[in-house]
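Heads up, there are several structures right after this.
Presented sequentially are two complexes of subunit A, the first with subunit B as partner and the second with subunit C.
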Partner chain A sequence: MKKLLAGFVLLFGTLFLPQLVIAAADLEVNTPAISAIKGSMQARHGQLAAHYASGAVGLTKDGMVAVRDANSVPLKDRGALNSAVAAENADRAKLYKEIATANGHPEWQPEIQSTFASRWIDKAQSGWWVQGAGGWVQK
Partner chain B sequence: MKAFVRIVLLLFVSLLPTTTYAVSEITIRATAIEHAQIEAKNVNLLVDLMKPAPALKLSAELKQKAEKDWTLLNVACMLPQATKPDAIDCDEGLVKNTAVNLPFSLKVDHLFNQDGFDLGKLNAKASLQFKNAGFSDAAGLHAAEKLNGQIEFAVQRDGAAWAWQTSLDWQTGELFWQPFYVESAGHQLNASGALKEGVLDVHHAHFAMRQVGELDVSGQLRLSDFHPIALSANLPNVNLSAAYHLLFKPLLDKTALNNTAMTGNASLLLKMQNGELKSFDLSLKGVDITDIDQKFALYQLHAEIPWSYDNPESISVSYESGSLLNLPLGKTNIRAEVNRFSLTSPSVTLPILDGALNLSDISAARIGGEWYWHLRAKLQPISMADFSRRLNLPTMSGKASADIPLVTYSNGLLSTDGSVMLNIFEGTATVTQLTMRTPMGVAPKLNADIALRNLDLGDLTRTFSFGAIEGKLDGDIEDLELQNWKPVRFDASLHSSPGRYKKKISQRAVENISALGGGGAAAAVQRSFLRFFEQFNYGKMGLSCKLRHDICEMDGVESTSQGYVIVKGSGIPSITVMGYNRTVGWGELLARIKRVTDGNSKAVVQ
Partner chain C sequence: MKNWMLGVAFACVLPACVTINIYFPAAAAEKAADKIIDDVWQLKNGTEKPSVNVGEPAAK
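Now for the complex of A and B:
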């Protein structure tokens, strides 16, 4: 019985530990670095929003964005689209790192990133493409 | 043949007789044909024997067995004449599937030498013309639209090898091949070489890129794995403004050069062996580079940059003028020795404003794709008045100079060993333990300790329109961290310097200091008889702030039961200014300082 209980505790621990960590992390924490990154992402959002809506760019399950199908974008704009996606991903990686650092726990970055991933996907507008376990789906 | 081809549902052969009983037309239709690797369906083959010359028309859908998508193939060809049995002329060609739409015409001039149809004596010459062709992969990262052009191709047996020549004339259309985008075409390629034992030998390829320049290439490519055995490329004269957008911008995406305008000319000679760079020789002539976001600019840049894997080389770079973060840079010459992946230079002088930055004992190395470097830096005095004006700071007097015995850059972190000394406000500001991360990036970070000694309070308060104070100021700002140039943490303490000197504080300064502490004393001054005095004597003054998580924990020169003393009076008339709020939000404190220095809280003496 004791063993069983210990097993349950262990199972519970492994299942919920990441969530507990996140419960403790302040995802809204603000530092000048975080607000600079958010500012840079906001400035880019106008450019990317049209691509989310057209399905050219989708939200990935790891909290990043990816070119999904650029065929609707004129050839001459595809380079800029790729640059915007690369710059957005660089900012997102920095954002997750800075939020973990601002919480005093740089090692929380992977959990913070996966929490943001589901947040972005929850907040995605209908018609946008998001990456599920089985691949791209349209919301 | 029997073993490989199974015609599932054949077939329908019609021989349409004409009045003279000769056969005029042969039609073959097959619903499906299967082969070991290839499947075909809806095959229609029509041979028209009545045209001036006999013609053949084929339409079929094809696919490899493993694939899902069918490819439509249409073609109409004139049948070879007896006089030239290997000449083929096809028109109305079309290859089409979900990814490719390639209308084409094909003209084969000859396939063999005249003495027979022996494959060993293949001697073919053909031209392929494509009209409004397009293709795209699923993600659209390799795609072309409305391509018009012509490819000529010839191949002959040459001993054990095949000799080939080709020319490509790309007339119109656009292409995106990640990360490159090529528009409005007008580019040409002529190439010749040999193919032997799986190695493609390019003896000479000449690209003429419209507006950009000409490129000559030779080399060898192993076809089994596309391994470049050897490559030598020569761009004798490149127009940088066209080449930057076409070739360099996509490649410099993640560097500081990803958003610039460039003009001028460059030449590049490059050699690779077994996939490794062996040597290059880059030369820049009269190049202007300006960052669109105005972070930096260099004008009239000239450079001779040779590099070799085997031998040390000397490089030279010079520019007439430039700017970095709004600071003007003067004419500069840089010479350095390059030895494979390391670079050294005894000294470089960068004129900045009325002074200069001397860098010496420079040594840099590229290890595992990252740069590491160290150097000694000495800043010859520059005028603070000019410096502060350029950076939109309140105009400061004095000079800044620095001597840093060791600056190192490693893993994206710039750190200094030694001190940056600024001679400002007739005192000194010494910056030590200075480190910086990504100074040009989105969220730059700076850490430092700053010690202020004997700053003239008269100068200081005039500069920041604070209200006059006479005296001297010391300060220590320790453990300072700036993110995006804004403070997020420090332990700061400012206080009057030790020693004997004139200590006077004006009524307005008293009001302002009180305002920083959150009011209280100011109102008291205005209500009391003290309002009759323009200035007061003080014994000592000081204010400290420990900034953590956007909260400043404040203290003064002495603590009392109600608060802390910011200005302690002495002599007649004297005044003591108290602070009562021990904690204040950093944003609120900044707002108060701004109100004070903007002059909005001018003392109202009633």
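Now for the complex of A and C:
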């Protein structure tokens, strides 16, 4: 009887312990590729932050950035604005993909992207524009 | 008796392994996202201090 009980304890242990271990584990985000993308985004943030604050650029609900109000930027600066937004989105797409592949699960990319989407929006400063279900809203 | 128990254990562990491999670790992903966003936006442990609009940023 004791043996049977021990068997059941062992059984449940083997069943549930691995799940707990996985749940507590961190995702790998310290690869050279991810660091490089992060560095590039960090360098660009100085430029983009002013546009977030002015409302020219907003954070989209799919974890990207978009030009929201090009008119708030002088005509001569719009080219630079568009290319900064395009470069930022390219980096973000690469970042999501890299995290998924670095963890051996390329199929996780959409979920990683949507996790980031809500975290970017959560952490956005007040006054910045973010995309909700019903469209753009100012935080 | 032992063999029977081992068999059951195996039968239960095997599908568990498969489940774990396809399970998306949402909490870990959130943690990773927070870490990366803090780095990119240079937020210092939660305090939302804007490093922008303070004169000319990173001029020197």
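Operating definition for what follows: the second predicted complex is superposed on the first by the 111 of 139 C-alpha atoms of A that agree within 3 Å, B and C clash if a C-alpha of one lies under 4 Å from a C-alpha of the other, contacts with A are read in each partner's own complex, and residues count from 1 in each chain.
Just so it is clear, contacts are C-beta pairs under 8 Å (C-beta built on N, C-alpha and C of every residue); 3 or more make two chains touch, one makes a residue touch a chain.
Keep in mind it's a predicted model, so treat the numbers as computed, not measured.
Of the two partner chains, subunit B is the only one that A:Ala33 touches; subunit C does not reach it. In the superposition on chain A, A:Glu98 contacts subunit B only, with no contact to subunit C.
Between subunit B and subunit C, C touches the greater number of residues of subunit A. Applying the stated contact rule after C-alpha superposition, one finds that A:Ala53 touches subunit C and leaves subunit B untouched. Once the two complexes are laid over each other on the shared chain, residue contacts for A:Ser83 go to subunit B alone; subunit C is not touched. Residue overlap on subunit A between the subunit B contacts of one complex and the subunit C contacts of the other covers 34. Touching subunit B in their complex are the following residues of subunit A: 30-37, 40, 56, 67-73, 75-76, 78-79, 82-83, 86, 90-91, 94, 98.
Residues 136, 138-141, 143-145, 174-176, 178-181, 183, 249-250, 253-254, 258, 442-443, 445, 482-486, 488, 550 of subunit B are the ones that touch subunit A when the two sit in their complex. By the touch criterion stated above, subunit A contacts subunit C in their complex at residues 3, 7, 10-11, 14-15, 18-19, 22-23, 25-27, 29, 34, 38, 41-42, 45-46, 49-50, 53, 95, 99, 105, 108, 111-112, 115-116, 119-120, 123, 125. On the side of subunit C, the complex with subunit A involves touching residues 1, 5, 8-9, 12-13, 16-17, 19-20, 23-43, 48, 50-53, 57-58.
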